[in-house]
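What follows is subunit A paired twice: with subunit B in the first complex and subunit C in the second.
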Partner chain A sequence: MYVAVKGGEAAIDNAHRLLAEVRRGDPAVPELTVAQIREQMALLVDRVMAEGSLNDPDLAALALKQARGDVVEAVFLVRAFRTTLPRFGASVPLDTGAMALRRRVSATFKDLPGGQVLGPTFDYTHRLVDFALAEDGAPETVAEAEPREDAAATPRVTDLLGRDGLIEPSPQDDGTPLPDITREPVDYPCDRATRLQALARGDEGFILALGYSTQRGYGRTHPFVGEIRVGTVEVEFVPEELGFPVPLGTVQVTECQMVNQFKGSRAVPPQFTRGYGLVFGQSERKAMAMALVDRALRAGELGEPLASPAQDQEFVLAHCDSLQATGFVEHLKLPHYVDFQAELELVRRLRAEFEAGREAAE
Partner chain B sequence: MSEAYNFAYLDEGTKRMIRRALLKAVAVPGYQVPFASREMPMPYGWGTGGVQVTAAILGRSDVLKVIDQGADDTTNAVSIRRFFAKTAGVATTTRTTEASVIQTRHRIPETPLHEGQTLVYQVPIPEPLRFLEPRETETRQMHALAEYGLMHVKLYEDISRHGHIATTYAYPVEVAGRYVMDPSPTPKFDNPKMDDCPALQLFGAGRERRIYAVPPYTTVRSLDFEDHPFRVQTFTEPCALCAARGHYLDEVVTDDAGGRMYICSDTDACETRREDVR
Partner chain C sequence: MNLADRDAGTEARRGVMALCTAATADELARALVGLGAPEAEDLRAPEIGLVMATGRIGGDGRPFNLGEVSVTRAAVRLADGRTGFAYHLGRDRCRARQAAILDALWQGDRAGVEAALAPVARRQAAEQAAEARRIAATRVDFLTLARGED
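Showing the complex of A and B:
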């Protein structure tokens, strides 16, 4: 007689051993090192750090190796590690105006103090497969940057516009403690700081699609890229016992200031508003999409009609986390036979009643 | 036991935060208390809420039982039981009567629970009104005002359309005469077990960051109408293994020619009955 299969324990162990073997792949091919992933898959590492909310390239690279290159799985490993770390405080706000720039472009001004710095970008490459890369070889030597007189001072475009009152000012740090979505449950409706935290760790694909939707008329915001800057900034922390900021080190970040139209209201003259994006590493796509969605989510505050998904904070924030999304979608493969049995019983009963009703009618 | 992690995985600060939420939940039966759910080393949807609640209440002398679909041997039940055996080093059991803490997904054990036991439910969607009103800001207000008309309309529409209330699991209940609560996706067959239960019932929803509770000996009423009283599923067949009737059964497909057999969903209750016969 058939009896429901037992032996979950042995099956789990065996599956894990098989996974380890498959992860390694053909043993005749040299094993990837964590350093290779960190150096040569840097943008992937950046994405894992951004969505994992933890700035640690080596850990992100190791997670990618363990996850067989699955981004969401790697993010999961990083997050589950992060949640066990002690939290000793919050840093002083980053001064991205003092960033050591790797790249800086503005789409709103042809030239501006600090200049346009292309840096390492795919933007003007022709997407032709470079078959030479299949072989080992060193890249061409890079050109030296010409020193600029104004290179030391690279003010943010939004600060330049702000001087004339053409754009809303940056909100100032008023000392109120910031929320931490990893330590407090999100309470709707939530403030912009909470929303930006959720967007910064949100799934790149989801944020990208939402940002895109605002460009196609679902919550239009008339955006211009005021500025994108990529580079390293110093992180400072004020230890309680010292009372003054001490540098902890530097992190690489990508910042996007989106400049958006605003027609003004009875109380406020017409001026540009802004959407903001900031992510770990180099990820202009994510930073730009984040800035679009941030601006769309401010619709309520700016008195704009709320009609599109990207403007709906419960819709955006409750669904942007790749771990939550993948968990709930993939949990459908867990056993559901108890519930399915309940549904089977109901459908059978309803069908029997349907047949009985039809026979009675005949 | 693993040295690198704290007892039962979570750090004591996190446990304290969860216990505070649990105390509030017990004080306001059926009310969903927000809590700062952590990322756990298993995915959302795999029972992270239940695991966090269990981690927060587990003591060294506890005896833990974990079931999924009523069974102790389903892969996820095995995985969670092993997680706590490893991180807390507590004793585990498959016997409902021997367990002090029982974590469950989708079933309530058929063996009646007794005082001092705690049943921890894994909850996917804690909000019973979610599929009637997707917005948290709205549902929160509906609970505050005990405005549950929408739910009754839904149940009424079921009856007018199908002749029955077409909710077979996660069947909404009213707790202590106040809050409407989602019992987690247990079949409605199990709803009566929640009422006046001597054990403490705790519910954890990790992804949705909510905890709620039913204290011992609390009234839990399944929503219904006077002319359409609440009824549980019945099975015409007995269990093919223990031959008992009146229990919740799993349908097992035995061949591709329509062959079926029915066996108890609660493996411990089924085995106990078979041992008694021997």
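Showing the complex of A and C:
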């Protein structure tokens, strides 16, 4: 049992004032603006939005400033903020097929209809520190080219494979109400929609490690990246008073279609299986790892032996949330004086009994 | 509701709403000044809330909750009784209210509002075209090489 403590108000208040001063750093160095964080630490902002489960770049940037750049602390601030707001409803499902693409690559087909575009990527860079960035300066002029005629239509790779029945179709929308882990506690085993919601907001490091573990043999799924696309999609919402889908604006998302090894039976010919990843912002690492773990979590459904952590729903879902994890780990540093007194008394009694037993034996 | 069920008027209204979501507060203010800066009363004071953004499993399957987006909504009534609504991503109450007034005005004067927003449409089209050209320059044609040991 946790017994609360009182007191320490003045010290706590002063500690927070000290934190504010330390957060600011050397006053001789200009203060960061929220816009600078949003524009120049964009991938960090994206991560806070994804794990904070709230798409709002300015809010995520402000949270990062307040949190001194600590991702989990910033996620905490964003999650706390969202609890203060009413929910107007759920969006029309995002149409990632209609994404305005900034990047699209496939590891399975080199000649995709609509083409592959690299967009702004770290891939193929030499990972040499660019000391020129330590000084102010404008980047090189961006190259431009006339978009080719076929660039307007970019079907999903999974649709191309699906035409010939070579890959399983997506699970159909049966109209059942969507489960929501922010409203109802998760009951295990849970459905794929619940798992994807948890993975989409899960800690990138944890999901990455689990995805990696499947590649190393702990729940192997033989994955290929069918397609990764990064770009903006329109969010639409149907307000009661209007009755039609109102465009709210666009958000950037990253989608990964993982194509995995076959499954077949006497009744069904062999076909590729799928894992799916979708996250706010540009984060291929997270979307890919999510797709790997999504596929691994389908082991039961696909009749695969359940032997690895990445296949264990409760293990993955109950531990993938950085905020829940940090809450329980970090609460250990709060005063536990009464609990510990009880433990101290117990260990003293056990030692006394031990000594008494030894003396009796001698 | 699918696209075919919606009438042309609703599609045009959605188009103006989309344009307003892409406009800056200054652009919306200029459009309103051009339209005589009409007075409007709040049916509902601009309010910040959330919409749960949903995706589809595999991109085209059963929906799932991706995460929330912050949204500001506003509803206004003009002196002549027309009402207008706006729902915008983000937390800018002023922009949402301006957009709601433009939505109300559009219902009586489509051509006028669309003309007032034409600069926004032009800016957006130019930016999209420039972005498409920059992205197109990164289009890649991979070649498969025969492996040496084969």
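One rule holds in what follows: the second predicted complex is superposed on the first by the 348 of 362 C-alpha atoms of A that agree within 3 Å, B and C clash if a C-alpha of one lies under 4 Å from a C-alpha of the other, contacts with A are read in each partner's own complex, and residues count from 1 in each chain.
Basically, a residue touches a chain if its C-beta (ideal position, glycine included) is under 8 Å from a C-beta of that chain, and two chains touch if they have at least 3 such contacts.
Only a predicted model underlies this, so the values are computations on that prediction, with no experimental measurement involved.
Asker: Give one of first, second, both or neither to describe whether A:A90 is in contact with subunit B, with subunit C, with both, or with none.
Answerer: Once the two structures are laid over each other on A, A:A90 reaches subunit C alone.
Asker: Tell me the contact category for A:A11 with respect to subunit B and subunit C: first, second, both or neither.
Answerer: In the superposed model, A:A11 contacts subunit B only, not subunit C.
Asker: Thinking of the overlay built on chain A, is A:Q215 touched by subunit B (first), by subunit C (second), by both, or by neither?
Answerer: Neither subunit B nor subunit C is touched by A:Q215.
Asker: Counting residues of subunit A in contact, which comes out ahead: subunit B or subunit C?
Answerer: More residues of subunit A are touched by C.
Asker: Would you check which partner chain A:R82 touches, where first means subunit B only, second means subunit C only, and both and neither mean what they say?
Answerer: Touch status of A:R82: both partners.
Asker: When the two structures are overlaid on chain A, which partner does A:R201 contact: first (subunit B), second (subunit C), both, or neither?
Answerer: Only subunit C; A:R201 stays clear of subunit B.
Asker: Check the residue A:Q66 against both partner chains and state whether it touches subunit B (first), subunit C (second), both, or neither.
Answerer: In the superposition, A:Q66 touches no partner, neither subunit B nor subunit C.
Asker: Overlap the subunit B and subunit C contact sets on subunit A and report the shared residues.
Answerer: Common to the two interfaces on subunit A: residues 82, 86, 182.
Asker: Show which residues of subunit B lie in contact with subunit A when the two form their complex.
Answerer: Per the stated touch rule, the residues are 5, 11, 34-41, 43-46, 48, 68-71, 73-79, 82, 105-107, 124, 134-137, 162-164, 166, 168-170, 185-189, 207, 209-210, 233, 235, 240-241, 248-252, 254, 261, 263, 265.
Asker: Can you tell me which positions in subunit A touch subunit B when the two form their complex?
Answerer: Listed in rising order, the residues of subunit A that touch subunit B are 1-4, 6-9, 11-12, 76, 79-80, 82-84, 86, 182-189, 314, 318, 323-324, 326-332, 334-339, 341-346, 349-350, 353.
Asker: Provide the residue numbers of subunit C that touch subunit A in the complex, in ascending order.
Answerer: Spelled out, the residues of subunit C in touch with subunit A are 1, 6, 10, 14, 17-18, 21-22, 47-71, 73, 75, 85, 87-91, 128, 130-144.
Asker: Using the touch definition from the top, list the residues of subunit A that touch subunit C in their complex.
Answerer: Residue list for subunit A touching subunit C: 49-50, 53-56, 58-59, 82, 85-94, 96-97, 100-103, 105, 110, 115-119, 142-148, 151, 156, 158-159, 169-174, 178, 180-182, 192-194, 196-197, 200-201, 234-235, 237-239, 241-242, 244-251, 253, 255, 257, 274, 276, 278-280.
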